[in-house]
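Below are two complexes that have chain A in common, paired first with chain B and then with chain C.
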Partner chain A sequence: MQLMEIVLFILLAGLPYYFLLRKFISYDKIFIISTLLLLVGLFIKFQTGLQCSWACITISLISALITFYVALKTTNLYRLSYHFLFINAPVFLLIDIKYSIYYAVALIITLIGLYFIGTYYKRNYGSANFANISGLAIKTPFVGFVLRIYLISLALYPPFPNSVFLFNSFLKNETSYMWYVVLAIVIFSNFFIAMRILTNTVFGKPNKIIFYSDIKGKERLAHFFIIILLTIWGLNGLMEVLR
Partner chain B sequence: MIKENINKVKHIIPHYWPIKTFIHHNPLKAFEKLKFKDAVEKAKEIFESNVYMDPQYYIDLYMSGTIREDIFEKILTEFLEKHGYEKYFYEAKQFLIEISPLWEKYKYLEPEISDGKDFLKRCLYEQLKEKEDDELLKDLTKSMTFYEIHDALFDTNLKELIEKDIIEYITRFLDEEQTTLSMYQRNLGMFNTFKYFEGVNIPENAEEFIEKSLNKLKVKDKEKYILNHLLKQAGWAGFIGYREEDKLYPFQQEYPASTIDYLAVRFFYEDKYISKQKINDFEKLNEYINKNKSLSILKLLKYKGVLLPKYVDLLESGKDPEYILKLYKDEQFDLKINQILNIRQIISRFDKGIVDFAKFMYLLKENEGYIWLKSLEDSYIHFYVAEFKSNLKTREKPYLAASVFCIDVRSESIRRYIEKIGPYSTYGAAGFFGVPITFIEFDKGHEQFLCPAIVKPSNVVFELPKKGYEEYKTRKKAFKVLKSVLNDLKNNPYTPFIMVEAVGWLFGINLFGKTLAPLKIERFFSKFRPKKPKTVYTLDKLSEKEVEEFAVKIHLKIIHEVLISKLKRAVSNEEITNVWKHIIFGEPLNVKDVDDVLIEILKTKYNITKEDFEEQKAKLRQVGFTLEEKVNFVKNFLFSIGLTKEFPKFVFVFGHGSKSDNNPFESALDCGACGGNVGIVNARVISMMANDEKVREKLKEEGIDVPEYTKFIPGMHNTTTDELELEDIEILNKEEKELLKKVKEDFDKASSKSRLERAKTLPNTKTEEDIFTKSCDWSEPRPEWGLSKNMAFYIGKRETTKNIPLFNRFFLHSYNWEEDLKGDILTNIFSGPLVVGEWINMEHYFSTVDNEIYGAGSKVYHNIVSKVGVFFGNYSDLRIGLPEQTVNLEDKAYHEPVRLITFVEAPLEIVKKAMQKSAFSNPLIKNEWVRLIVIDKEKNKIYLYENEDFKFLTSL
Partner chain C sequence: MEKTVLLIPFIPVLIAFLISFVNNKEAIPKISMYFSSLIAVLGLVGASYVIYYDKNIYGFNNLLVFNELSAILVVYVAILGVVIRKYSSKYMMDEIGFKRFFILLNFIFSAIYLLVMSNNLIVLAIAWQIMSLVLYFLVSFKIEDKPAVRYGGWTILIHKAADLLFITAIIFVYKTFGTFNLSELSDIWLKKYEAGILADTNIYIIGFLFLFAAMMKSSIIPFHIWLPYTSAAPTPVSALMHAGVVNVGGIVLNKLAFLLLLTPLVLNTAFVFGLITAIFASVIMLAVPDIKRSLGYSTVGQMGYMIMEVGLGAFSLAIYHLMVHGIFKASLFLESGSLIHYARHDPNIPKKVSYEVYWEEKAEFSKSFYWLIALFTILPVIIFSAIKFFISEEFFHFNAAIVILAFAWLTSTQLFLSFFKVSKSDSLKVIFGLISSFILVVFTYEFFGSLIEKFLYGEYASHFYKVASLNISIVIGLLIMFLIVAVGWLFMYKQHFVDIEINGEKPNKIKWVFYKLIAKEAYFPQLLSKFKIF
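After this line comes the complex of A and B, so read on.
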């Protein structure tokens, strides 16, 4: 493994988080920092044109699986937003920079939406944790709707941009066994975590002790804006597929 | 000992009847000995359910005027007077209408009063403080099983594993031929078969095994723990409970199951998974909890869904549980303080201290459901009393025909239109028309009990084809062969692949046809279906000689088949008779190749015994009716509806049934009084009896002179399409048939009008065609509204209710008190139809107030399981009650949950007598599960039964 690969791995797979950030920085800020680190990593990859070795990708897969396990232990949307980033690290290391950027943009837009939903939870229910906040689809239809869009997108359902770019990168490149392993693990992890959130908070019976309140005003517009961005990016992805 | 514990608690679980004969029932039947208000409170705690609608529901009805303001105020005043708060009427009203719907919201608003908040907190501390840890723990775990507590405390997933295993076993054991691969040796009983199923050597019987398991778990309160287990899958427990008590249920006779067996299975699986855990009994668990009290409480709160997310965050980040629990308790206390202070700011006129205010507020909150419910019911009572009072007596005229319908609410509109259209009178009676029968349909082998579930029939009726039915036989055979081939192909592991390619397109026609044009495709395919031939019923008793002959024939037929299969040669009649006589009378055996082993097989496996012979004879003696029985049934029927003189030319007796496609709940739409079956059979039986000359002669002797020209014609009322079909019209002469044509035309008009009226209430339905389409559309969740919106029961003369549109919300039972001075007929109505009405009403009530607990949930997720009911997905509890689509429309309640408002038109004394004599309905009335109103036309007074007394309501 080259030094640059190690740097990339550190930036993308959440190592700063595990060894440093979580001890010193409040977890609601880690998503922003991790996103910045991802962008820096992609910039380095773009500049150097680096192709990662199998060893690097294998290590990042192990790290993704650990993150997946950690993500299963939490029900906090702030935490889950950066766990999603780390789980997808093997993809960024594996695929071409062009597709990495496409996929990263889609992922970041969706996660910003999820992060904002976390903010909404915190404001209304005291925390970004979705434990015991069920039945949003019934009680707060707008939150239920936008959260469904974000989670379905994160779960890599076509034709949402995340899946379009991910699958496109696999179609447009020469693949190997490692590609399939990465694809299988990333799809499974994303799908499982996203569906876990969806079934626990969007669906289910509303909790009687919670006073539900839907998103209104500017915040609603912000989510519309994110969904429009996702749509545009998704259309761009479809054009890319057809090219 | 364990058996006693089980017997004490098992009745709490409501019985569930198999879905093929869906019986509406009160899910809180076990609580009927309590006053309604107390019973629902108790049930609320046990089932953790809602028992009233949300306050907003009632407020909407209040705002729309359905709940009358004066009545609501009167009930509220009475309530406040009872509790010494009469001075605070306006405050109470404001609380119920403005504050209560936003009850939770006031917790989260910061009150403006900041001065003296600490003082107020101190004042309210005793009132509102959170429970002590031990008390809280007891409260949290009171309805939990060991594995649930384990899951909560140690983040395991045992519940899913245990319940999944239990459901897998019981669904396979209780299967009623849904699967092609049945479980072996089910005849051994549920727990004995289970030992083979699991391959375990358990020497104990079920009872001993339960005792052993409970001891191993170190359970202290065994009775409570058993109840907790039963409540986990209340649907399945209810179905097993039903089977256990219905000794005649064929599958129970063949594959016995019991609550004890079911519990033994549950405890086996609990032990299987728990024994692998480090903490595997209550002693160890309690030890752990005592050492980690705060953490345990927090984890239990999280499991129960009451721990707010921010505390879950703190738990996740590993903060000290004691600190988190203190924060939680403090916040809960603060929230309650906020709530009181915020509300106090709005209700500022309350002139007592804050502690009294809190008490006042909680008292109202606890009782608001009942106050609203009673207000709603009383509003309807007053409305209809006024309607009945103002209803002008219609001029009696000679009627051409009388039509007797079931009391079912769905008969109301069509009765109203029939009466409007021509010279017709209508009557209402329980849809089995007072004749409980065991019916064996032509071409079917099984028995149907055509009577209310609380009645056991003692007469058997066979249906036999009248004449040649070759075409039917040929078509039926062809269909049977086709079905059997398709089933074989489907169930073979390899053939489905080929089948899809080869014949899949054939199904495509049906698939697309039923989806795109259901009505057309239904009409097309109905042409090819075998049409049942004309049939007659065996209404006469068999002679003793015939009984003997038939009983022998049954045995001889079995012996014949067994001998042929075992001996592989032709067998003569003499040989068969000799074998039979040898077994039954011990005569010497003279048949070649038949040894003792074969005789033993005949005795044990095929039940050819003296006892069975006697049993067969006893059964055969039940076939048909004696003349006295026939006379009694007809007489009681006519007396019960008050039709004893001035008979018209035709008396139509309409049974009813429904029509829908892809609807597991179809029998819920059929006749409840016929045990969830179609009512045409009972209509035909009573008509055949009433047309019998000998019966009429005897009736004449008893004072009922049915003229020769009067003909009883049975018919069928399709409640989905409101079509009226007449049967057995071949008994009419040419002139009568001509006359009938005109009547039929009028009936068609009435059907059409009734359909149009009903179309207005059904979603996406505008025309009559839409109604017909719904009856055959396989994607239709609401082919009809069924008994939804049922509200009241009228027992009395039709003249009082005639011409008043009751919008299919009333059960209408005809009754003429002038012919029932002893109150016997009313007693029968109270004991049968009223009880059935209450079951239907309560089923709808509870399915509406909490569809998750008492209802069947959404049809969207239903799958048929074991052919006994439905469950969600691929495993869940058996869903009892009514589906969401039956009681709700677009997430709002369509059914209006009220107790059955029962109007009885009779002198008060007769009603009192009937109440005393009716053991079934007496507790229902006394405990106010039904609201009773007596319309005493003799005294010109109307009474309302309340608090075990008849109160004068108004004058007539």
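After this line comes the complex of A and C, so read on.
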């Protein structure tokens, strides 16, 4: 592995988080820092035109699986938002820079939406933790709807851009069997975590001791904007592959 | 003007969009019904155009096509859609999330139309995935009900695995053939077949990936468990699932039929998996105590037959089978509410047609009535068969297919016999009725099956039978059929005695183990229950 690959791996796969950030920084800030690190990593990849070796991608796959395991243990939406970034690290290392950027933008937009939902949880229910806050689809239909869209997008369903750009990158690049291993692991990791959130908070019996309150006003508009952006970005990706 | 029919997949989305602004509960089904009737009319117009001009309708830059397959299936799905929406308008009225239900229902119909009418693998993949996702939301519609959500989780997990295989197959197709256009791909595959070019590893990988993806969504063993366990879904969803969604595997394999010409091994694999599913599901169907799950296993068994038909090269029979089975099973599900209603007022078995014909003791029909039935069922078949025997060799192409049809009929009979207590005093009447129904089924297939086959595949139909090299002669076919029937019926007869001590003797251990295995559905549900999936 070259030095630059190690730098990229550190920036994208969440190593600063595991060794440094989680000890010193409040976890609602870590998503912003991790997003910035991802963007820096992509900038470096763009500048150097680096193609990562199999060793680097294999290590990033192992790190993604570890993050997946950690993500299965948490019910905090802030934490999950940056875990999603780390789980997708092998994709950023594997595919070419153009689709890495497209995929990263799509992922970040979706995760911003999820992060906002985390903020809504914190404001209304005391923390961004979704444990025991179930039945949103019945009690707060707008949050239920918006969260569903974000999670569908994160679970890599079309026509949302995450799935579309991941698919496009496979079509436009020379692939080997290792690519399909990455595809399977990334698809199932994202899918499992997204479905876990969906099943435990959007679905389920509403909690009688909680006062549910739906999103209103400008915040509602912001979520609409994110969803429209995701849809347009996804359709744009679709048009590209269909052309 | 004829291109208007290509708007069909978008009309349900429009309905869903309109419904989202309507709060009047009575207006929601009315809007839905009005537009879905429009789809049925458009489907009929499209079908008549395709039949009359013998031309396909292409549009949206060749992404969509209204061809022979669409002409059959769009009309079928549209009529099913009207019936299910009409039924749901009253059945779901008092449910929380009535509007959400209709929106989801329209989205799933949109995905099915898109899947049927797609002429591009990307469009097909989108429809394929959206359909699964919406199905998950429909199956988990009662979001407060834990089992419904859990079984919905099983469904989406197996469907996601199918999606992964399907996407991988599409990437391989693009890398190998350089296009997503299904018409172009079909031409390429047909030319390769006619030139006698053997499939390479890549083409085999593509064939197997598509086959396994189709098997997962058509609930073929060992990927079947999602279907019998989703009966907690609202009844209209069960009807839709058993009559529409579960058939997508067969529809996709029909769309890719020319690819399978290059891969005989894939067809043989389909046959083997179909056979195992048909036997296994038909036996379990008789042992499970839950009537809805029993119906679920019945559908799994029928899907096994459908995949077997594909494996034998009888692609058109698979389409015919999925439609006929869909209508039959949807009727059963939609009738279940009324049966429960009757049962609540009458402690006995509800007095429906089957009861009146086969069980209730009443004045005998006159003998001339039986002769009349015989005259109108058996005689035309004999004449028809004799004419075909002398003038056409094609009749023999259908032999294997007819044997499969016989399997299907016999398992339906098993289902019937296990549901209704048949009067022993008049078993001849029962046998006569069952044989007449079988003859009618075979006769209908011989007529409509060959008609559909000519309509869908024309001169190329015979290629599929040649490629499906697992050539089953009518004798072997009949032997297999009788073996399955003997095992199934013997088991059904014996199962009543398996756990009862007879003259102080303990039950046979092997029988007991076999019964336990079947009654516990081969431990598939227990295995999945061990993992908290989401």
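The rule we apply is simple: the second predicted complex is superposed on the first by the 242 of 243 C-alpha atoms of A that agree within 3 Å, B and C clash if a C-alpha of one lies under 4 Å from a C-alpha of the other, contacts with A are read in each partner's own complex, and residues count from 1 in each chain.
Definition applied: contacts are C-beta pairs under 8 Å (C-beta built on N, C-alpha and C of every residue); 3 or more make two chains touch, one makes a residue touch a chain.
Quick caveat, the model's predicted, so the values are computed rather than measured.
When the two structures are aligned on the shared chain, A:I138 is found in touch with chain B and with chain C.
Contact with neither chain B nor chain C is seen for A:G49 once the two complexes are overlaid on the shared chain. After overlaying the two complexes on the shared chain, residue contacts for A:N129 are found with chain B alone; chain C is out of touch. In the overlay built on the shared chain, the residue A:N76 is in contact with chain B alone; chain C does not reach it. Using the contact criterion defined above for the overlaid structures, shared-chain residue A:G217 touches neither chain B nor chain C, since it reaches no partner. Judged by the number of chain A residues each one touches, C leads among chain B and chain C. When both complexes are overlaid on chain A, the residue A:K205 reaches chain B and chain C alike. Taken together, the two complexes place residues 138, 205 of chain A in contact with chain B and also with chain C. Across the interface of their complex, chain A is touched by residues 61, 63, 96-97, 100, 120, 122, 125-126, 129-130, 133, 140, 143-144, 146, 149, 153, 156, 160, 164, 167-168, 171, 174-175, 180, 533-534 of chain C. For chain A in complex with chain B, the touching residues are 73-76, 121, 125-134, 138, 205, 207-211.
In the complex of the two chains, the chain B residues touching chain A come out as 104-105, 107-108, 302, 305-310, 312-313, 316, 852, 891.
Here chain A touches chain C in the complex through residues 135, 137-138, 152, 155, 157-159, 163, 167, 170-171, 175, 180, 183-184, 187-188, 191-192, 195-196, 198-200, 202-206, 238, 241-242, going by the rule given at the top.
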